[in-house]
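When the chains are written out, they are named A, B and C in that same order, and each has its own residue count from 1.
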Amino acid sequence: MTLTRVLLELDRVDMFFGGVQAIRDMSFTIMEGELAGIIGPNGAGKTTVFNVVSGVYSPTAGSIWFREQDITPLKAYQVNRLGIARTFQNLRLFSRSSALENVMTAAQNRYRYSFRENLRGFLSPSYRPDPDYHYSFIEALSHMGRWAAREKHIRAKSMEFLERVGLANRARQAAGTLPYGMQRRLEIARALALDPKLLLLDEPAAGMNPEEVSALNGLITGIHRDFKLTTLVIEHHMDMIMEICPHIICMNFGAKIAEGTPDQIRSDPEVLSAYLGDEGAEA
Amino acid sequence: MGNAAQFTEFSTLFQQVVNGLSLGSVYALIAVGYSLVYSILSFSNFAHGGFLVVGGYICYGLFTGFELNVFSRHLLTVPAGSVWLAGLGALGGAGIVAVLTERLAYKPIRERTSMTLYLLIASMGVSIIIENIFVIAVGGRFRALPQSMFPSGLYNLGWGVTASSSDVLSLTCAVLFLGGLQFFLTQTRWGLAIRAAACDLRTAGLMGVNVSLLIAIVFFAAGLLAAVGGVFLSYRYTLYPQMGGITTKAFVAAVIGGLGSLPGAIVGSLILGLAEMLTTGYVSSQMRDLVVYSLLVLMLLVKPAGFFGKPVSDKI
Amino acid sequence: MRKSLLGNAALVILGLFLALLPLTGYQEGIVVLLCINCVAAMGVSLLTGFTGIFTLGHAAYMALGAYTAAIMTARWGVHWLPSIVAGGVVAVAVAWLIGMPTLRLTGDYYAIASIGLGEAIRLILENWQSFTRGARGFPGIASYASRGVAAALFTVLGIAMFNLIGSRLGRELKASRDDPAAASLMGFNTTASRMKALLISAFYCGISGALLAGYMTFIQPSMFDMMKSTELTAVVVFGGLGSMSGTLLGAAIITLAMELFRNASGIVPYIPSFISPKWTGVLVDFLTNLSQYRMLLYGLLLVGVMVLLPEGMQGLWSFARKIFSWFFPDTGRPDPEKEGLR
């Protein structure tokens, strides 16, 4: 895999909530095809970084670039449509819908027409691309035309992702009734179904036992390899990130304190004092 | 001549402002209670108007003594009482009805789901139940609290502007009760707990606040304030089972001020009262409701979170 | 895929059944009313049940549809079919104006604005004498909403609604109902999703109102008051939030129940004689005043369903099982509700 293009770049991002500074002067770059991790103790501002990148908040200062486009002012759904998908630290599944329906809800959004495409398509219908999970409002009303084929396609595609995370036999079960570890994997399947260019995983191992964590490690590295998907993982358990991520950013009190390979992070004195020191003493 | 005309114009304006403030103060009593509940449970309690009606009827019943009419049989006769008894009964009674409403209708729903839609629908149901209990029990006709209830008379404010004693009384009571609420919220332990719960109810519960009791206190306060508004509305205008519909105006006032914000509710109410009275004075009284709703739409377009509202963001 | 075809066929059969069943004139009227109420209820169901937006003013959209169709047919001499469609379109246009400022926000903004909308529309209809003939009502509308027309529109709109919720839009609406934040992070513009639901529901209510005008041949602003809006919500809640077939069943039951209420005094001669005169008196009072209790019953229905049966009639089955398990506690069946929602 060639690491050539910059995919995501944060440039001196600050984020204030009232008087509290959650992120301070945060800058880093993620190259295309990377598997990177952000570590830091609880409350270091990791999730806030994700919220700023995915457009939940717009930063107080600084700018965020994704594929050479300034996404700082964009809303969450616009950022997502550019190709950034994420999971959530405290699960946000549609708990009353089935696992399959959760993934289908994402899969139908794999391609969204941009405003310009809609406009040009209106003037010359042949211009518009015809992604194979799209059908028109009239077709939805009448269930005629492309509806049947496209719905079938969305369903089949969604089943593929459920199979990938090992939930194919749970497809019909309501998402809220799945065991915790499965709900986490379902979130990953849902994010994958969006066909993202950048996947943000927010504490994917939270609440898992060691066996589940090692299975998850396999899943994340497998997804990264098979889909050639740039992935950014947040964890406060250092071991997991150290094991799978060649590129690690370490945060404390809202600021980046170190960045580099696992070996560099492990030997960084600031990381040791700020993070390992405390955690190590407790454990 | 020109001077005299200008003078009359000015005193008309001033008169409408006085009327508007007095009406706005009644709205404020209602809107603050509604906002208080909204700030804790983040749903619109449409039964709030019902508390107003309960207060009005208890006051009427205790003061004049009336016969409760069920299936056209007189089952219960209430003896006449004093102003103080009537007032206290109205405030306490409405407060208790509010607490009961929460316990019987909202609590089971709150404990089961976090979707506020269910609470909204249940509150709509409670509002209909209260209204129609009064329709059936005391009949739908309009009543007026006897004018002897409060001292009558006109106060001359100078420049030809007068304020009726009921105006002055309702303004004074509104200031007293809202001041009392402010004191309660800022100076007592429960007040602190309520303000904390307004930020985050669950966390307040985790910090050891008795959430169930806290919500009961909030509903009692909301019912009590609504009853004060209800008594003054039924004294100045009339008392009838659908009187609770006036809370719509208080809801609008709360939105204009910022949903869930108490100072916002007061400011919104005064603006609404002024707008209504100025429309009545200068355009026509039929237009006043249209002006109110246009104001609502305008505010939502220009400053959707209201004057004092915080922009709503979902915690992720 | 086959399932949806089956559903469409069932609706067509139901529509044919409603249109062709030999009935007396009075019964025919009930069928027309049933179709009208079902169309409006489907609209409200999409908004409240599937998108999670509470409304207290959907009767206003019915009023807009009714007056549009009435004025177009009676005053301008337009054919009834385009008039009915125009009724829906006018409702959609007004819904867009109201939705623009209110749906951008999370919170009860639309609910409060919907009360204002209902009141404002009623005020305008009552005071714009030259155009709407004011509070005394608009008489002399052609009786275009025959049983066939009502049943046909019900069938077409019903099929469209069921197909719609079985397509990508259905998933989109449910996503923005269950978790707007997660939905927007999946690429849904949730404001636009809510707007779509509102516009479609306003269209259905507008059509329903236009049909009502053609059925009653006389309309009045007071026909579209808060009580009508409440009835629409009650129907949807009773049928079960998020269930379209439940909504249809709820609309049918409530429409028929209301019809029974209106004729309840007819039961008086059949009160058995062993009941003491005092209680007979109470019963007669109750039956003759039943319409007075109609609103009280709505209120009790709304609260009761929310507290006891949040799934509406769908939940009736699990409710019955719960009651059963109180008496026979060792059925050993896991409670899906408890497991699912915790």
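Worth pointing out:
By our rule, a residue touches a chain if its C-beta (ideal position, glycine included) is under 8 Å from a C-beta of that chain, and two chains touch if they have at least 3 such contacts.
The structure presented is a predicted model; accordingly, all values stated were derived computationally and were not measured.
Seen from the C-alpha centroid of subunit B, the farthest chain centroid is that of A.
This structure's chain pair with the greatest number of C-beta contacts is B-C. One finds 47 Å separating the Cα centroids of subunit A and subunit B. In terms of their C-alpha centroids, the spacing between subunit B and subunit C amounts to 30 Å. Subunit A and subunit C have Cα centroids separated by 41 Å. Subunit C has residues 181, 185, 341 in contact with two or more other chains. Chain contacts: subunit A has residues 56, 88, 92 touching two or more partner chains.
Of all residues in subunit B, those touching 2 or more other chains are 314, 316, listed in ascending order. Listed in rising order, the residues of subunit B touching subunit C in the complex are 38, 42-44, 46, 71-73, 104-105, 108-109, 112-113, 115-122, 124-129, 131-133, 135-136, 245, 248, 251-252, 255, 259, 286, 289-290, 292-293, 296-297, 300-301, 304-305, 312, 314, 316.
Interface residues of subunit C, counted against subunit B in their complex, comprise 48, 52, 54, 56, 98, 100-102, 104-109, 111-113, 115-117, 119-120, 123-124, 127, 180-181, 185, 226, 230, 233, 237, 241, 282, 285-286, 292-293, 295-296, 298-304, 306-307, 310, 341. For subunit A in complex with subunit C, the touching residues are 54-56, 75-77, 80-81, 85-86, 88, 92-97, 101, 104-106, 108-109, 112, 135, 137, 140-143, 147-148, 151-152, 154, 174, 176-177, 190, 194.
Against subunit A, in their complex, subunit C makes its touches with residues 1, 4-5, 8, 160, 163-164, 166-169, 171-172, 174-175, 178-179, 181-190, 336, 339-341.
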